[in-house]
Amino acid sequence: MQTGFSQEQLKSAPMASSQEVIKSCVHCGFCTATCPTYLLLGDELDSPRGRIYLMKEMLEKGGKPSSSTVKHVDRCLSCLSCMTTCPSGVNYMHLVDHARAYIEDNYQRPLFERIIRNTLARILPNPTLFRLSLRLAAWGRPFQFLMPSRIKNMIDMAPQKLPPKDLFEKPNLAKTDTLRRGRVAMLAGCAQTVLAPQINASTVRLLNRLGLDVLTAEGSGCCGALPHHLGKTKDSHAFAKANISAWIKEMDTDGLDAIIVNASGCGTTVKDYGFMFRDDPEWADRAARVSEITKDISETISDLKLGPLKPMGMRVAYHAACSLQHGQQIRNEPKALLRLAGFDVVEPNEAHICCGSAGTYNLMQPEIAGQLLERKVKNIEATGPAVIATGNIGCMTQIEKGTGIPVVHTVELLDWATGGPRPERLAP
Amino acid sequence: MREVWKPQNVSELQSAIKDALSSQITLELRGSGSKRRLGRKVHSNVLVDLSRISGITLYEPEEMIITVRPGTPLAEIEAALAQHNQRLAFDPPSYVALWGASSDHGTIGGAMMTGRAGSRRLTAGGPRDHCLGVKAVNGFGEICAAGGRVVKNVTGFDISKLVTGSFGTLCAVSELTLKTHPTPNDTVTLALLGLDDVTAVDTMRQAMSSSCQVSAAAYLPEQITNHFANNTLPPHISATLLRLDGFHPTTRARAETLSNQLKSIDGHQLIPCTESRPLWMEISNAQCFSQNIEHALWHISVPPKNGPEIIDHLRSMFKFDYYFDWAGGGIWVEIKNQSHDYSTEIRQTIRDLVGGDGHATLMRTPHDLIDVAAPFQPLAPEIEAITRRIKSQFDPMGIFNPGRMYKGI
Amino acid sequence: MPTPNSNLIARRAEFVSALRTIVPGEGVIDDTVALAAYECDGLTAYRQKPMIAVLPETVDQVSEVLRYCHNVGLKVVPRGAGTSLSGGALPLADGIILGLGKFNKILDVDYENQCAVVQPGVTNLAITHAVTNDGFYYAPDPSSQIACSIGGNVAENAGGVHCLKYGTTTNNLMGVEIVLMDGTVLRLGGKSLNEPGLDLLGVICGSEGLLGVVTEVTVRILPVPEIRRALLLGFNSLESAGTCVSSIIGQGIIPAGMEIMDKLAIEAAEAFVNVGYPLDAEAIMIVELDGSAPEVDHLIDIVHGLAKDSGATSLRVSNNEDERLSFWAGRKAAFPAIGRISPDYYCIDGTIPRRTLPEVLTRINKMSDEYNLRVANVFHAGDGNLHPMVLYDASIPGELEKAEKLGSDILTLCVDVGGVLTGEHGVGVEKRDLMEVQFSSSDIDQQQRLKCAFDDQGLLNPGKVFPKLCRCAELGQVHVHGGKLRFPELDRL
């Protein structure tokens, strides 16, 4: 697509990179077909191709973005389904990330929305604050009817009861008790440690069992994805830098074979650190080194060769998290692992379509997220599974809201099949 | 006697039409006249006999196309195609026997303008699907062309389709380019004996849904099986016929697969090529109904699954013989009565059971009813309106085959 | 395009508020920034922001919008998924875009009658997806099938690689509901065959949005073939590939697909997807056969023999589904692959008689030298549809114009050898001015008269297909010389 950026504009590295992305789009429209919002709304403006246009206009023109551009960019889930579909290799992710940051810097949102966005960006990455607010939410539940709908919705999202603390929220090291095959760092994550500590516990048990020492590095924490998708680049870069420092320190001392991420939303971001800091001479190399050894948990286990195990006799619907299937292009590994582990794996129709979770999307765009959830659950339930497995905490909390079928992380099932405890959510 | 004009070529045809325009006279366009009894009777000042605008102008077997003039006898075309093992895939039917005439296979112009197809309509399409291009003289006296001579063509409106099946009411065609198709070197028929019509239609559906590439499916009730193909079929028992076309050894293999898939039904019989071909030709031509030429004969087109239901309803109203072609969707009905065509009953039944999704064509009108019958399903008012507008954009003075399809069209 | 009418543009606010009473909510877009997203379809060389975009959700809304536009004389450009490569949905500065994106539901899958009834915004591939678990599929498969809408397929009479055996959209279309410019709703065809009266369905299909707006589509669905197998053949000349095509057809074999790629296309595809195409070949051909297993196996043997006799230099037969897909992978990736070896490319779509392929490609190569622009060729050998891709760089001033000129020379060549201007992409705005290469003025007049029967004010998608706008009153006049026979030589009895 032709662009009209001035030479002056192109001096800015993000502008130059966005221009390259826009130029590579040939406007074929293939992306519209697999875009969840286009599927629901049928408006070009709610499709990747339409948004590319809006973003192009916004960035070329400069100044304050139009409210309609903001509305349609906000409606994008960043599920990156479009990138899987695109035959021309358009890096929509980098473009939309830039656009979100641009909007954050150049557009004044209504006060209430600003408060919500700032609060989310502050609370979610911080387990202590997040835990505290979930307790507040529990107290607030009886008074929900007094609150604006968005807040009500957030309270709805909060679990009734908080699980015990995650042992890997703080720096920790779990050594393997079999033949040692390597040493890896695990991104413990932020919201996940509060909502589902069993994921990290399962991950560590499983990796230990397969011969890996697993540590959570001093100073690592939130990957920065949540503020990043809210356009809050400063915050996200700060989180990223903290992680990079922490892991580089480990890499340069005792060495790391991999950085393991078990929330695919975070994995997509950590794998993109290299791009994020590409123009920052101080951080570029280190960021690239980190991204290079970052692996989704399913990749690592595939590399370690899980032996075929006895049949578990359980029908598992595998829900592909968008960050995994589109963001990281990992599609077969989790299913193959579950099959190796003895599960009967089924895949719902429209597996490529987002469940509506998308980070904070279900909090910011509850209506669209709700419709996507309904569609997703319908497709999953049609396969008649006993359990739903997925590789991302966001999807888990989202899908749980829509169905009575238990939702677990893929590693919980793999851990169970290899000798770990039966996942708590699965009634015996 | 009406005046008869016999143009020799397209420029004479154009002259004739210009004459008609300037002298305000109407024309009946006719090839050999073998299908003139189909549709409404034309009252015109002049009969234009197109049989001299004849001949194959281009035949390229490798390209699978043939260009012909409208007056070319079908037999001539079929003979030319046969030399290269090709044919017209839509099985152009011959109805002369239905009207008691001797065997005149008709012209290609007539076959295309009447738009009828035989049993393989279901899978191979009709004349409209095989017409790639036309040249014609329109009702302004201009020579105009549409389409082309290649299979894949979306240049301009597909006027070739509009003209095909228009009964010569839009323009006088002077040249047609058609798709040709290789003649399969084998045709076999799997016959299932003794089914009732509901089971038969369901069986035909199963067969058409299988991957055995069934090319046609028909059901002959027990009353009429003995009228077909020199007693190929056992008499007094119904026959459900599934046709397989293709390459010799593999047609039989497919027939076996199909037979296995339908093994819950008894009474399978395999009809070989030599007997299959005449059998299907008779089905396409409704030949079994050529005995009582004063009986009204209908062709009803409905969604296949509704076939038996339609027959069931008609049974309570009058006596008739029938059979299903097109897997149940094409029903031939011969009324056992010389003085009624029961058009009201038939069309009402279709409306009641399938709404707008079906229609009936009176293929043979008893002599006494010729001036009052409505052989074609009346059009919905909004469709009739656009049809009239189209007619007036092709033939503003209404000189071509006036009233052949509908009053004023 | 027709000169925009400034009086209409001045009344924009009035139109917007009237349209909002018909289509509430976000369905009427008048934000000028947002309208940019509607400024073109898959053909980006032509761009124009529409005055307003309207996205109705019901047939009643479509009908009311059209009736309103008819009454106030507002032009309407219908749009499906916006994937046209001929600019069929290029907007007008003084007209509205009527987007059918919200019509995206599958209404009825009827296995008993082997058809599916869908809304026009449903994508081509979605129909197949909806029936695939039950062993059926929808046959026409344009390469944009993932995204192109069935309504657009009807408007363009879309094709694909399997047309020779399975036909194009028109041969698989059983019925439509369309809304005419004056708001009249027509239901044509349906689940039964041989509609009475004129074949309106046949002429709606491929009418490029000039006759009506499609609001519902009934298509035939077919049982999935038991097996599909392919051969990958290399040839050291296009002539021998052409000979091979002729001998296959000559044997009475109708392959499901038959594709030829020339050297530049092979190189580009191989560099991109690396599937093992023979790089020393001047042309490769993929022949796919489908059907029941005994038949396909039998035919594969025959084709194998014919390929040898025609001088194939390399010859592979797929023995499983992965292998078959790998043969196709390079072909399917041909367009994006070309996109990666050149900053821009211009995809042309003509049809030629199959046997003229070697001659046509030789002449295209000559033109390519003259213009100093590379051309890669992909050819649907089954149905004669040729897709030359002209490689150029839009950032070099004048190169786009040069590419377009070369394109129109190639299309003229296609017509010269007995072919046509467009096999599947449509005339649209792109090839509009070439119509006179293929058709005489009286041919075009007659087509325009048909347009007049449907839309006498010329409000629906004007500026497409025809080099000149319709002049319905003038076209409707009969010029005769009154009263006497001027052609006495005619044989009268």
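Letters A, B and C name the chains as they come in the text, with residue numbers starting at 1 for each one.
The working rule: a contact is a pair of C-beta atoms (placed from the backbone, for glycine too) under 8 Å apart; a residue touches a chain by one contact, two chains touch by 3 or more.
Predicted model only: the values in this text are computed from it and were never measured.
J.: What chain lies closest to the overall centre, CA atoms only?
T.: Central chain: C.
J.: Looking at B-C and A-C, which pair shares more C-beta contacts?
T.: B-C is joined by more C-beta pairs in contact.
J.: Any idea how many Å lie between the Cα centroids of chain A and chain B?
T.: About 61 Å, centre to centre.
J.: With centres defined as the mean C-alpha position, give me the chain B-chain C separation in Å.
T.: Comparing mean C-alpha positions, chain C is 29 Å from chain B.
J.: Could you tell me the distance, in whole angstrom, between the mean C-alpha positions of chain A and chain C?
T.: 39
J.: Considering only the defined contacts, which chain C positions touch chain A in the complex?
T.: Within the complex, chain C contacts chain A at residues 26, 29, 31, 33-34, 36-42, 44, 53, 55, 81-83, 99-104, 121, 123, 125-126, 129, 144, 146-148, 333, 335-336, 339-340, 394.
J.: Okay, in this complex, where on chain B does chain C touch?
T.: Result: residues 3-8, 12, 15-16, 18-19, 21-23, 60-64, 85-86, 115-117, 121-122, 125-126, 128-129, 138-146, 148-159, 161-162, 164-166, 170, 181-185, 205, 208-213, 246-247, 249-250, 253-254, 257, 301-305, 326, 329-330, 354, 356-359, 361, 376-377, 379-380, 382-387, 389-390, 392-394, 396-397, 405-406 of chain B touch chain C.
J.: With touch defined as at the start, can you tell me which chain A residues reach chain C in the complex?
T.: Touching chain C: residues 1-2, 26-34, 38-39, 41-45, 49-51, 53-54, 57-58, 66, 68-69, 72, 85, 87-89, 349 of chain A.
J.: Which residues of chain C touch chain B once you look at their complex with the stated criterion?
T.: Within the complex, chain C contacts chain B at residues 110-114, 135-136, 156-157, 159, 163-164, 167-168, 170-171, 180, 184-188, 190-200, 202-203, 205-207, 210-211, 223-226, 246, 249-254, 291-292, 294-295, 298-299, 351-355, 380, 383-385, 418-427, 431, 435, 438-440, 442-447, 449-454, 465, 475-476, 478-487, 489-493.
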